[in-house]
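Have a look at the structure below before the remarks.
Each chain carries a letter (A, B, C, D, E and F) given by its place in the written order, and its residues are counted from 1.
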Amino acid sequence: MKKPQLSHYNKAGTVSMVDVSAKAVTNRSATARAFVSMPPDVIAALPQNKKGDPLEIARIAGISAAKKTSELIPLCHQLPLSHVAVEFRQDKAGIEITVSARTVAQTGVEMEAMTAAAVAALTIYDMTKALNKAIEIREIHLVEKTGGKSGTFRRKSAK
Amino acid sequence: MKKPQLSHYNKAGTVSMVDVSAKAVTNRSATARAFVSMPPDVIAALPQNKKGDPLEIARIAGISAAKKTSELIPLCHQLPLSHVAVEFRQDKAGIEITVSARTVAQTGVEMEAMTAAAVAALTIYDMTKALNKAIEIREIHLVEKTGGKSGTFRRKSAK
Amino acid sequence: MKKPQLSHYNKAGTVSMVDVSAKAVTNRSATARAFVSMPPDVIAALPQNKKGDPLEIARIAGISAAKKTSELIPLCHQLPLSHVAVEFRQDKAGIEITVSARTVAQTGVEMEAMTAAAVAALTIYDMTKALNKAIEIREIHLVEKTGGKSGTFRRKSAK
Amino acid sequence: MKKPQLSHYNKAGTVSMVDVSAKAVTNRSATARAFVSMPPDVIAALPQNKKGDPLEIARIAGISAAKKTSELIPLCHQLPLSHVAVEFRQDKAGIEITVSARTVAQTGVEMEAMTAAAVAALTIYDMTKALNKAIEIREIHLVEKTGGKSGTFRRKSAK
Amino acid sequence: MKKPQLSHYNKAGTVSMVDVSAKAVTNRSATARAFVSMPPDVIAALPQNKKGDPLEIARIAGISAAKKTSELIPLCHQLPLSHVAVEFRQDKAGIEITVSARTVAQTGVEMEAMTAAAVAALTIYDMTKALNKAIEIREIHLVEKTGGKSGTFRRKSAK
Amino acid sequence: MKKPQLSHYNKAGTVSMVDVSAKAVTNRSATARAFVSMPPDVIAALPQNKKGDPLEIARIAGISAAKKTSELIPLCHQLPLSHVAVEFRQDKAGIEITVSARTVAQTGVEMEAMTAAAVAALTIYDMTKALNKAIEIREIHLVEKTGGKSGTFRRKSAK
C-alpha cells in the first residue's frame, strides 16, 4: 500500500502543482463547514437589520472566494466550478456555515469548499465585530467529498 | 454612549463601504491567531521534507492573502500594509499560526490579520490533507489591535 | 411551461452559483453592444493621436475584462473563453462597440460579452473625458446569443 | 487657455499612467448614475424573493468593482477609496443606480464611481435576464465630481 | 504554405483573442528557462539563510504567476493548467530557472511557462537585490513545446 | 557599516513583508530596461500591421503589470503608483523597453519598474512568437533609482 505523503511534493522533495493531466475528468463534490461563535446579543442583533442581511453578504463573499481558491492556495489547480452554495444555520451559540461545491474536472474541490467557508466566516466576523469582541471563528473542516480516485469521504461526526 | 452596531451599515440600514475620509491617518496594528489541529503522525511528517517546508509555503500564502483582504471581504477598505509577519509554533496538538499586520492609514488592519491567518491555515491543511483526514482548522481569532479611535484591544485569554 | 424566474435562485429563494454539472458542454456564443455618445469635437479629436489610438486601448481593456467576468459578477460561472473580439464603428454621434464572445462550456457567455462591452465603453470614456463632459455611455444590450438549452436569441431591432 | 486634450497622452502622443506625484492630496468625490430599464413584469418580480434581494447583490458587486477600477481601466491610478455607496431607486421603467465614491488622494474618483455603476447594472441584468430579454442598461454617466485642480462639476440635467 | 504572421491579428489587421473553439483539446506542454546572473558573493549568501530559502519563495511565485498568465498577457486564453514545476540549478554565474507547464486544452502553454520563469526570476532579484546591484535577469526563452497543430519545437542550443 | 543582507528576512532568518511604518514618505522613482531580441524579418513585420501596433499592446500590458506587482512578487509592499511610462526603441537587433515608475511612498518602485519591463517583453514575445522561434527576452535590469534612505543608484553602463 502506498504510504500517505504530504501533498504537492514530488519524489525529490520539491513542491510543484502536481501533474493531473492523466487523471480522469469526473464529477467531484465537496462539503465544508465553519462555525462563527457569537454571544446571544450579537445573534439577536442580526435580524434587526432592515436591508442587507449580513448573512447574504457573507454568502456572496463565500461564493466569490470559492472562485478565487487557486489564487489563494499556492499549489491548488484552477477549476471551473459547476456549483457553489453557501447555507447558514443559526443556533444559540452562533452561525453554522455549510458550503457545497461541485466540478467536472481532474481534481477535487475540497479546497474550494474550505476556502468559501473560511471567507464567509471572515465576512460575518467583519460585519459583526463592532458588536462584541468575543466573536470568533471556530472549526473549519471538511464534511464530505465524492468523486476522484480516492472516492467518497464522510467525516465521522459533525461538530 | 453610542450603542454598538453592525459594522458597515448606515442609518437607513443600507451597507456601504463606510466613509473614513475624516478619520486620522494613524499607526495601526493587529495580531490574529489560527490553530490547525493535527494527529501526531502528521506533525511528525512535517520536518521530514527535504526542500520546501509546508510552513514556509503557508507563510507566503498568508502574506499574499493579507494583501488581497479588500478583494475577499466585500466592505473592507483597501489598505497599504506596512508590515505583515506570519509565525508558527508547533506543539503536540498541531500548528499555531500568529499573524501581525501593521499600516499607517484611516482604518484598522484586523481583517488583514484574520484573513492572513485563515489562508495560512487553509494552506497547511491543503499540504497535509493527504496524510490524515482528521486535520481541521480550529479557532481563528483576534489577539490584539492598536491604534484608531477605539484604541487598544487585547483578548483576555489565549486559547 | 416553466415560468421564468430570477436567475441564480433555488427553490428556497436562496442565491447560489447554480449547478450546471449535468448540462451539456456545447459551443456557445454571444454578441453585446454598447454606445458611447460624444459631441462632434470629441469624435474629431480621436484620430489626431499619433501613437496609441484610444480605441485600441479600449479593445484591450474589453478583452481583458471579458476574462474577469466571473470575478465581477458574483454568480457567474468561470468560463474558458475560446474567442473574444471587440469591434468599433464610429458615426456622427459617437462610437458603437460590438463584442463577440465564444466558449465551449456548460453555460453561456452573455455576461462575458456584456461585461467586455461595458468596460470598453468605460475605457473610451476615461480616455476622452477631459475633452468634454457631455460624453456618456448609452445603451449596453445583448444583440444575440447561440447555443445551450434555450437556443438562439436575436434582439429585434438594433438601436 | 490650455486646450482640452485626450487624457493619458503625453506631448509625444504616447499614453502613460500620467505623473500625478506633484499634485496635491485632497478630498475628492464623484457620483455616477446608471439605469437598467425593465418591463413591468420584471419590476414586479423583484420584491417577491424571500431571501437575497438581487439589488443587495448588485450593491456588493458595485462596491467590489469600485475597488477593482485600476485593474479594469488600463490607465487609471490605484486609489485607496475612503467611501463607496451604491443606492437604488425603482420606478415604473426600471432601476436607477447611484454610486458615490470618495478618496483622499492625488487623482479623482470619477472612474471608480462610473465602474461601480456599470458593474451594479450588469449584476442586475445578470440576475433578471432570464425573466425578459428586453432588459437593457441605458445611460451610465457622471452626475457630479468635487475636488482636485479642475474643481466641481455638476451635470446639467439628470435624465 | 501559410506565411507566418503576427499572432492574435485577424485578416482585417485587428487584434482579438483568436477563436480556438474548433481546435482539438490535446495534451500540450512547454518548458521555458530564465537565468539570473549574480556575483559570487550573492551566490554564497543564498544557502546561509536558516529558514525560508529565497529559491523556494521564487518557486511559489513562479507557480502562482503561471496561473495568472491570462491576466497579464492581454491576448492569452485562460487555461486550466494540469501541471507546473519550477526547478533551479545554481552555478558559478547565477541561478538557472527551468519551468515546465502542461495542460489539456485547445491552446498551448508557452506563455504560461515563460511568465512563470520571468516572475520566478523577478522574485529572486527582489530577494537578493540588497546584496549587490549587479544582479540581472538574462535570457528568458522557450526551450521546448509539444502538442497542438504546430507539433513539437526544441530550441537548438541552450544558452 | 551594516553588512548587506538578503531582503525581506528578519534577524531570526524568517521572511516577512518588512516593517516600513517608520520610514519617511518620499518621492521615489525607478527605471528598468528589458530587451527582446528578434531576427530582422520579425522587426520588419512589426510596422506592417494596419491597426493595433503590438508595441502599444505591450505598453498597456506593462502599465497594467506595474499595478499588479505586489500580487506577483510575494514580499513586495502595495504601492500607489503616481506614474508609469513604457517606452520602446527599435534597433536592428530587436526592441529595447524602458519603464519609468514613480511613487510617493515608504518604499521604492524598483520591482514595479522591473515587473512592467518583464511583462511588456513577454507581451511582445507573445505577439511575435509565431513569426520566428528565435525571439528571446535578453536582459532585464535596473537602470536607475532615486529616493529613499539608500538614495540614488545609476547602473554603470547601459547595455
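Keep this in mind: a residue touches a chain if its C-beta (ideal position, glycine included) is under 8 Å from a C-beta of that chain, and two chains touch if they have at least 3 such contacts.
Keep in mind the model is a prediction, meaning the values are calculated, not measured.
Enquirer: Averaging each chain's C-alpha atoms to get its centre, pick out the one most distant from chain D.
Expert: Farthest chain from chain D, going by C-alpha centroids: E.
Enquirer: Compare the contact pairs of B-D with each of B-F, C-F or A-B and report the one sharing over half of them by residue number.
Expert: Interface equivalent to B-D: B-F.
Enquirer: Roughly how far is chain D from chain F, going centre to centre by Cα mean, in whole Å?
Expert: 31
Enquirer: Would you kindly tell me how far, in whole Å, the mean C-alpha position of chain D lies from that of chain C?
Expert: 16
Enquirer: Take the average of all CA coordinates in chain D, do the same for chain E, and state the distance between these two points in whole angstrom.
Expert: Centre-to-centre distance between chain D and chain E: 37 Å.
Enquirer: Counting only residues that touch at least two other chains, what does the list for chain B look like?
Expert: Only 14-15, 51-52, 56-57, 59-61, 64, 68, 71, 74-75, 79-80 qualify.
Enquirer: Which label fits the chain touch graph of this model best, line, ring, star, complete or other?
Expert: Graph shape, chains as nodes and touching pairs as edges: none of the named types, so other.
Enquirer: Considering every pair of chains, which are in touch?
Expert: A-B, A-C, A-D, A-E, B-D, B-E, B-F, C-D, C-E, C-F, D-F, E-F
Enquirer: Looking at the complex, which residues from chain A come into contact with chain D?
Expert: Within the complex, chain A touches chain D at residues 51-53, 56-57, 59-61, 64.
Enquirer: What residues of chain C sit close enough to touch chain D in their complex?
Expert: Of all residues in chain C, those touching chain D are 4-9, 12-15, 45-46, 49-52, 54, 57, 60-61, 64-65, 68, 71-76, 110-111, 114-115, 118-119, 121-123, 125-133, 136-142, 153, 155.
Enquirer: If we count contacts the way the header does, which residues on chain C are in touch with chain A in the complex?
Expert: Within the complex, chain C contacts chain A at residues 10, 14-21, 70-71, 74-75, 77-80, 105-106.
Enquirer: Over in the complex, which chain E residues touch chain A? Could you list them?
Expert: Those residues of chain E that touch chain A are 27, 56, 59-60, 63-64, 66-68, 79-87, 102-104.
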